[in-house]
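Okay, structure first, notes after.
For clarity, chains are labelled A, B and C in written order, and residue numbers in each chain start from 1.
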Amino acid sequence: MSKLLKHRDIRLKQRYRAEAFFRSCGLFAISLGVFFLLVLLYSVFSQGVSAFWQTSLTLSVKLDAKIIDPEGRRANDPQIICIADYPRLLRNALAEELGVSLDDLVSLREVSRMFSFGAGSQLRDLVVKNPQLIGTSQKLTFLAASHVDSVFKGQVNLSVSETKRKLSNKQLEWMKKLAYEGILHKTFNFGFFIFSASSRPEMSGLGVALIGSFYMMFIVLLCSLPIGVAAAVYLEEYAGRNRFTDLIEVNINNLAAVPSIIFGLLGLVVFIHFLGLPRSSSLVGGLVLTLMTFPTIIIATRSALRAVSPSIRLAALGLGASKTQTVFQHVIPLAIPGILTGTILGLAHALGETAPLLLIGMVAFVANYPVSPMDPATAVPVQIYMWANEAERAFVERTFCAIIVLLMFLALMNIAAVLLRNRFERRF
Amino acid sequence: MNPELSIKMRGLDVKVFYDSNQALHGITLSILENNVTALIGPSGCGKSTFLRCLNRMNDTIEGARVTGHVFLDEEDIYDSSLDVVELRSRVGMVFQKPNPFPKSIYENVAYGPRIHGLARSRLELDEIVEKSLLKAGLFNEIKDRLHDAGTGLSGGQQQRLCIARAIAVSPEVILMDEPCSALDPIATARIEELIDDLRKNYTIVIVTHSMQQAARVSQFTAMFHLGTLIEFGATETIFTSPKEQRTQDYITGRFG
Amino acid sequence: MSASGMILFVFALGGLGLFLSRARALAFESCGSRMHSRPFYYGLWTFFLVVFPSLLFFLLWHIGTNLYIEHQIFVRVSRMEMSGILHEDRVLVLRDVLKSLLQKSMVLSRNIDHDLLSFVFDFAKKVKILNVIGSLTTVFCACFGLVYGLWDTRSQKRARNKVECVIILSLIIASAIAVLVTIGILSSLFFQTVSFFRSVPLSHFFFGTVWDPRFPTTDSNVGQFGLVPLLAGTLYIACVAMLFAVPVGIFSAVYMAEYASPQLRSFIKPLLEILAGIPTIVYGFFALVSVGPFLRDLSSAFSGNGEAFIMAQSVLTAGIVMGIMLIPFISSLSDDIIRAVPYSLREGSFGLGATQSETIKRVVLSAAFPGIMAAVLLTASRAIGETMIVVMAAGVAAKLTINPFDAMTTITVKIVNQLTGDLEFNSPQTLVAFALGMTLFVVTLLMNIFALYIVRKYREQYE
């Protein structure tokens, strides 16, 4: 045979081109996924971080007795100092700073639009607590109005005509002046974590939502962990393979894949209408999320139990321990890291869940802190949903910021799960 | 040795490293055309590793490194100018466990010709498939169910299907890595007959654990031990009057 | 006593029982009598005797009382409605007010007429008595359990076996909860759906092409509830999402499983899985604020006349964002499945001279096909049931269109819409949400079961 004959044409060039193309398709797909992840994270962080700071005014305010209590009756009627016109005090102080005459009512109105409505309440609380301050001058830091905040952070396009803007040119001039003098400045936005629902962006915060989410996570942990572990232990350690366990197994796998909104419908009918639990409460929310989470915990626990080597069971049984003693004293302790990892991941999933909570009435304007899980509350993702539906520009920033907070919690939980897994992975 | 025989493949100082372990310590060995060469030796002696060097299957293993030269018709297959895909189309391989693809019998055999574009038409492909199955001695058994799943065949049939699959590419050399170790004695006997038939058209290298099999099917035998080639020669010579004591011990069953 | 106080009390009593029984058993042991079980088991048994019967009773009593209240309110309100005292649209409000009144037994609102007020007060008294009876019986149950458990702490008693029996029983109950939840879902959807179909005929729902629940039409007096536009929107958006996610997901899986080095894979896989860990509300907002406006502006830049042909809320926006979310579901599942394909098959293909991509395309993927199919099905069922992204990015107008740049709505969006307003619970406008939920549940259930069946079969094939 000649050598030429042996080198058949097997379309090598073409095939290697196909190979390279296929490979680059795979690489492209992965890059696309990672690219979207980065875009998502970038757009959240770049637009949300600014809400961690809020524009405030620091000003010396004269607590004029003539304005607080023009008729001098506060000794007899303590109500007086509660209903006094505090915003006027602030307005006067700011007007004085800006050199606006107290007779120029048009300008004064513009001055009072510079600071938040909440600043008045802040001042009132201070005075009600310390009535002796009346008549003195106090250096105070209070929130600026949300328009001022947006402009100060550079989020507003100032080139549009004055009539289409929320702030007039005069107010912009004042802002520049105040900023130059250090009166207008940014402070860390503690209020964001404390305030409850409000229609004013600068006064609204995650307070109620954080408490609600905390209650719900607590309830989910309390209910789904025992149920999930118990069910998994039964299925893995006690049950034989029969129709009943097959049924349970199919159910568990299916429940883990049922759309979450269906659980909301279930919660609405069973918990609220049948059992009569209070609507909008974190108790109902927690129970609904429990039903969603426990299949995940069962699945995680079962694989953790399966990973415990059979020799440990045999050793314990061989020493005369009963089956139950073996399981509870030897097998489960070894499976705890796996169980915890699964539980944390399940909780993280529940923490971000929104849809079922909408159906059980957690989309509510809740201004008071929930004292117990029976009180109306919201959750962080629901709060995000509600803010997302607000029209005002300043809410967009807060929504992104709330998303950052939510993602931070999720990241912490996931990191904890990964660390736990790595720490205990090679033990046995 | 018959002077008419020409050398088909030749290993020259082949060394293989798996990460830091050295599996082969410089093997030099010639494989003669249209003959069956058996590689024998105890487990872990490197015979499979050497076999896998002959069509560069070691490339697919993470951390494996090969040095030295292997010549196929005086071309170095480890030379960068030689393409591994082409090499494997000329040096086919049959594995220890039958591994038919989860496709029909027909598709299994047609797989090689299809990827290499060996058939210009459907008719030609049908012909290749039929011929390969005939050569593998499988055609008469399964001619009515060519489009049934290949995984539905018995173990021996599956292995012959894998041989047919290798033949369909019309290679020059067929490497067989313990092709009968997963089969029962009857299926083994059929494969052995088949190997003897195939010798007319192909050069065959077979790794085997069974001394009897080596004696039955091969013309030349290479004895491996601990990654080195101890002895190579005509099968008859090796089995009747080995030069090395270790070969003697191995074939009489004193170790391995 | 409040419910939580009651539970705490019972548990405290149980703890006491545990301690006392254990102490008693220990005392017996120190006297030299040989106990059947370790002292701790006697304690645990007493604990169970105290806690379980009394809490079970308490729970049942509580549910019973609630049902009774509900029934009484219903009777009262319908009587008032019949006699024409009450205007129709106040029924719901009144029912809520009454309920809170009776549960908390206090008056919150002043504008209730005298007759009703006296009814409320009489009724509140009754409820109070009921509650007191319930609490007292619970306490009695718990105390009886404690005394009996203590008295029964004897050497012959097989406390451990009994405790283990209870433990196994509770394990069985815990695992039966999964079945209970499914039954709960089915029955809660079923009964509401049935009462919905009492006012709207089946054919109008399943074949109606108009969704307009608010305004009655000439031939029906309850508005139009056509499923078709919602189902079309749901499937359309899911299709767009899958068209995006399936190729990207499978190619990523192939690259991770076949080409990437272990180090790269262990870095890339978790990175992509982050996408699955991000809550859907975040995707929804991302679609609403970033992707939607971006696509709109992009289309206006391309259209020539500056007019945007892609709406900010559109099938495309929702589909793409949902697709991004689904990538890791497909890629992770498929990656596992591809890696489960035996290496010998790849070897067989390489041995014949196939290139890597030929091996993947013709051997690995065809071997993994059933599994990948199952992954795709599971993911599709997730796409159909996904809520928050479509609520925020798909729009609320129930339109039938084939234009992917237009807004469409989905089943899940309408479930949310129908149940978040202030609607009466028993009106068709609310009940339709359950009919929609039932449809959604059945569709996804079938897909899931089919997918799980394939996965199971597939696993058996290679094990």
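One rule holds for everything that comes next: a contact is a pair of C-beta atoms (placed from the backbone, for glycine too) under 8 Å apart; a residue touches a chain by one contact, two chains touch by 3 or more.
A quick note: this is a predicted structure, and the numbers were derived from the prediction, not measured.
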Check: interface with higher C-beta contact count, A-C vs A-B, is A-C
Looking at mean CA positions, which chain is nearest the middle of everything shown? C
With chain centres defined as mean CA positions, report which chain is farthest from chain A. B
Based only on mean CA positions, could you tell me how far chain B sits from chain C in angstrom? 58
With chain centres defined as C-alpha means, what is the inter-centre distance between chain A and chain C in Å? 20
Please report how many Å separate the Cα centroid of chain A from that of chain B, as a whole number. 63
Check each residue of chain A and list the ones that touch at least two other chains. 10, 15
Each of the following residues of chain C touches two or more other chains, namely 353, 355, 358
Would you pick out the residues of chain B that each touch at least 2 other chains? 85-86, 89-90, 115-116
Write out the stretch or stretches of chain B touching chain A in their complex. 73, 83, 85-86, 89-90, 115-118, 172
Chain B partner contacts - residues on chain A that touch it in the complex: 3, 6-12, 15
The chain A residues in contact with chain C across the complex are 10, 15-16, 18-19, 21-23, 25-30, 32-34, 36-37, 40, 43-44, 47, 226-228, 230-235, 238-239, 245, 247-248, 250-255, 257-266, 268-270, 273, 275-276, 291, 294-295, 298, 322-324, 328, 348-349, 351-355, 358-359, 363, 372, 381, 384-385, 388, 396, 399-400, 403, 406-407, 410, 414
Could you list, by residue number, the parts of chain C that touch chain A in their complex? 4, 63, 66, 69-70, 99, 103, 160, 164, 167-168, 170-172, 174-179, 181-182, 184-185, 188-189, 191-192, 247-252, 254-256, 258-259, 268, 271-272, 274-275, 277-286, 288-290, 324, 327-328, 331, 353, 355-358, 360-361, 378, 381-382, 384-388, 391-392, 412, 415-416, 419-420, 425, 433-434, 437, 440-441, 444-445, 448-449, 452
Can you tell me which positions in chain C touch chain B when the two form their complex? 342, 344-355, 358, 362-363, 366-367
